[in-house]
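Following are the structures in question.
Look for subunit A in each of the two complexes below; its partner is subunit B in the first and subunit C in the second.
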Partner chain A sequence: MLEIRNLTVAIGDNVILRDIDLHLPEGELHVLLGPNGSGKSSLLATIMGLPPFEVVSGEIIFAGTPIQSLDLTERAELGIGLAYQRPPSLDGVTVRSFAAALGAVAALETEAAALDLTGFLDRDMNVGFSGGEIKRWEVLKLVLQDPRLLLFDEPESGVDLEHVIAVGDAIRRVVGAPDRSGRTCSGLVITHTGLILSHVKADRAHIIKEGRLLHSGDPHELFGHIQTEGYTIPAA
Partner chain B sequence: MDWLGPEEWQAVALSLKVSFWATLASLPFGILAAYALARWRFPGRQLLNGLVHLPLVLPPVVTGYLLLLTFGTQGAIGRALAEVGIVFAFRWTGAALAAAVMAFPLMVRAIRLSLDAVDPGLEEAAATLGASRAWVFLTVTLPLILPGILAGSILAFAKAMGEFGATITFVSNIPGETQTLPTAVYAFLQVPGGEPAALRLVIIAVAVAMGALFLSEWVGRRVARRVAGT
Partner chain C sequence: MDDVADPAARLSNEERDILHDVGFDDPAARAATGVLADREMRIAEATDPGVEILPLAEALRTYEFVQDLMFGLVSPEANEHVAMVAEHMHDPLGHFVWVKPGAKVRLPVQTFTLLETPQGRQFTHDITLIDEGAEVEMIAGSAVPGSVHKGRHISIGETYMRAGSSCRSVSIEHWGTAMEVYSYGYSRMEQGARSQSTAIMMAPVGQHVSRSHSILEADTNAVSQAIIFSPEGTDRVIETETHLTGAGARSEDMARMVSAGGRIVNNALLVGDAADTNGFLGCDGLKLNDTGEILAVPSLQAIAEGAMLSHEASVGMIDSEKLDYLMASGIEEDAARNLIVQGFLSLDNEAIPAGLRARVVDMIARAKSGGM
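Entry: the complex of A and B
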């Protein structure tokens, strides 16, 4: 589904990611772990095609298509979607009209109820939302957008424990299941706290540190290791 | 409007017509130029910036003469356009062209200011949802810069109402065809007993200019409030 080969990414002359290799098979959910500023968000932004990240070398192949030279719109049309770490607020655009623009009015009510956002449908997007509410709406947005590859940037950070369950449920329902056109969805989730791991079925975890992919392995084992040893390579 | 003589009324009406069309016709180009200057990096960007601003610093008579050289009956572009029936020289359309060129820098600057205030992140976010470039521009950028477009248009209109030097050089001062409000004032001052008519026109000119400035200030404040609110 997603194949990243030898990817080096820079902003101007400043190299942010180096020689990243990552393989995400169709239907799987992978998590990215790593300290602040290690390049996790940059990796998701690069897959999505957001500026100012530039691919210096390497390849990103999505569903058999090299995408690194495609623009944002083309990648979105191929089925890549991103739940931002810090989404913008949209004064004057209600959640409901936003869903309508996505062509997802039918799914709105039930999906919003699942994320406990029923009371938010007529409010302006993210305007005056609390940190956790912004996160939940961002997850809801991605679910409504219905992409084939779902990129979540710290979907549970700032979300209270009760709602982390709802966020985890939403991710679990979508990833591994077919999208509206019947193609199986895959997911890549950045998690800072690891809390989400208890609520989703992650297939694999990758540790990113200082712009490099340090190690990949079983999510629960790796997270346990990180909790005691920090972001290091576990002894074999 | 019986306190205005027919010739004065004619000049005012012509000025309104010239300014209206000058503003409307240059608006698409103004938006395009502002967008290119604000968002695109291309060779010749500084040159375009210079060209856009040139009428602001050139003596108007020079701009008018340059227009005559290019768009006049003997001018390269003027001759080509005449073939397809578009004539500028000594026509009200020429007055509109001169006014548009002179007002263009003001229009572009106002639109560019509001473009600079648009968070590119909003446009990017729209693209991540699958919106094409054109759709992003129409549904995200354009609504956000609308106050700038309005303010720029009002300013351009006011500037066009007052254009004198380039107009009189390019299309002369023909009553009913190219005699706009400022050139009429000039003409009235040239003849004995013309002062009262000139004064009446001056009052109208001042009123229109003040009104336009207030209106564009007001629109500008609304932009500032909106930008601060997000």
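Entry: the complex of A and C
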């Protein structure tokens, strides 16, 4: 599904990610772990094609297609979607009008109810949303977008425990299941707290530190290691 | 006017289509309808006994008091355009709308002006009297057929809101792409009157100068918004002057402007003439490309002690982060820009009747693509 080979990314002259190799098979959910500023969000933004990240070398291959020369819309059309950590506010653009622009009005009411966002449909996107509401909305946004590769940037941070379950349920329901075209979806999730691990079925985790992918392994084992030893490579 | 029973039948299909874009609906579903085409009053008919609508010439003959309303809020010598209209008033052309004292008018009153002659010259004078305690919703539109791109239209509007009256109004204009349009609006709100008005200026026009002058007496409340779009080749100058002349007068005036290559000048002056008044001016501008210009000049003048006046103004380009956010969601760039522009112009707001919103959204899309 997603193959990242020897990827180095910079903002201007400042290298942010170095020599990243990552393989995400179809239907799997992987987790990115790492300290603040390690490059996790930069990696998701680079996959999505957001500025100002520039691929210096290496490849990102999605569903067999090299995507690093594609623009945002082309990547989204291929089936990549990103739930932002800090999305911008869009005054005057309601959740409902956004869904209409996506052609996803039919799914809106049901999916919003699943994330306890029923009362948000006529609100402006991200305007006056609490931290937890933003995260739930970002998950709903991805569900409406219906991508094959779902990128979640800290979907549980700032979300109360009750709603972490709803967010986890939504992720679990989508990743590994077919999209509207019948293609199996995959996911890549950044988590700081690890809370989401109790509510999704993660297949693999990766530690990123100082822009490098340090280690990959079982998500629960790796998270347990980080809790005691920090972001280090576990002993063999 | 010819005597056809169905008022809408006095309009051709093309005329109905043109007017539909600026808010026209079946006269049977309106409290009153007035349609002026070139120099002919095609429709002036009310279905609600609380409303009277007449061609201005007939109103002057029927009601002596209309003479006092005409040029009651502006001198016929106020400027060269007003003087020009005044000089054409040997054969007065325009609507007279009278909402009777205490009338609670359930359906909207609609009035429209059509300029159908290419290179036509049209000078109109509309007078609206909303009498004591009356409540009404008004829709006004101006339009030309697609074949008319040049011409000149000068209008004067005088609106009297008597004590305790209430009016919610929307106006939409759709002139020709190379026309010159000069609109002069004058209003007086007497004690306790309430007004909520929305002016929608979306379609391309050569030059449009719009000036309004409002007097708010004691305990009045006026909320107005202007939604202004200026594609390449369009030059708009909007000047508003609002006087808070009585204690308790409140006004809130918001202009949202988008330039897609055209020029918009918005000069707004708010004057606190009396104590215990409160007013706000807001001017927000959005530029969609590097051509064109937006000049927003909100001015406050406090004359009486205790006049609380404030303003906010901003002009900027579309935020690329917002655009990227929508595009990353799978929305094409043009559609994403449209969403942002529509959001900025606040087209979802309740001041615009639901039936008109879709037409206005379509108008923006067509104006941006050069399809109008």
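A few remarks follow.
Simple rule for what comes next: the second predicted complex is superposed on the first by the 236 of 236 C-alpha atoms of A that agree within 3 Å, B and C clash if a C-alpha of one lies under 4 Å from a C-alpha of the other, contacts with A are read in each partner's own complex, and residues count from 1 in each chain.
Following the convention adopted for this analysis, a contact is a pair of C-beta atoms (placed from the backbone, for glycine too) under 8 Å apart; a residue touches a chain by one contact, two chains touch by 3 or more.
Note that this is a predicted model, so its numbers are computed, not measured.
If you put the two complexes together on subunit A, you find that subunit B and subunit C bump into each other. Of the two partner chains placed by superposition, A:G128 touches none, neither subunit B nor subunit C. When both complexes are overlaid on chain A, the residue A:G119 reaches neither subunit B nor subunit C. Look at A:G182: by the touch rule set out above, it reaches neither subunit B nor subunit C. Using the contact criterion defined above for the overlaid structures, shared-chain residue A:S97 touches subunit C, although it does not reach subunit B. When the two complexes are overlaid on their common chain A, residue A:G12 makes contact with neither subunit B nor subunit C. Between subunit B and subunit C, the partner in contact with more residues of subunit A is C. Once the complexes are superposed on chain A, the part of subunit B occupying the same space as subunit C corresponds, among 25-33, 79-87, 97-105 or 169-177, to 25-33.
Once the two complexes are overlaid on chain A, the subunit A residues touched by subunit B in the first and by subunit C in the second are 48, 50-51, 71-73, 76-77, 81-82, 84, 87-88, 90-91, 101-102, 145. Those residues of subunit B that touch subunit A in the complex are listed here as 119-122, 124-125, 127-133, 226, 229-230. Subunit C makes touch with subunit A in their complex at residues 319-322, 324-333, 335-336, 339-340, 342-348. Interface residues of subunit A, counted against subunit C in their complex, comprise 48-51, 71-73, 75-77, 81-82, 84, 87-88, 90-94, 97-98, 101-102, 122, 124, 141, 145, 147.
Interface residues of subunit A, counted against subunit B in their complex, comprise 48, 50-51, 71-73, 76-77, 81-82, 84, 87-91, 101-102, 145.
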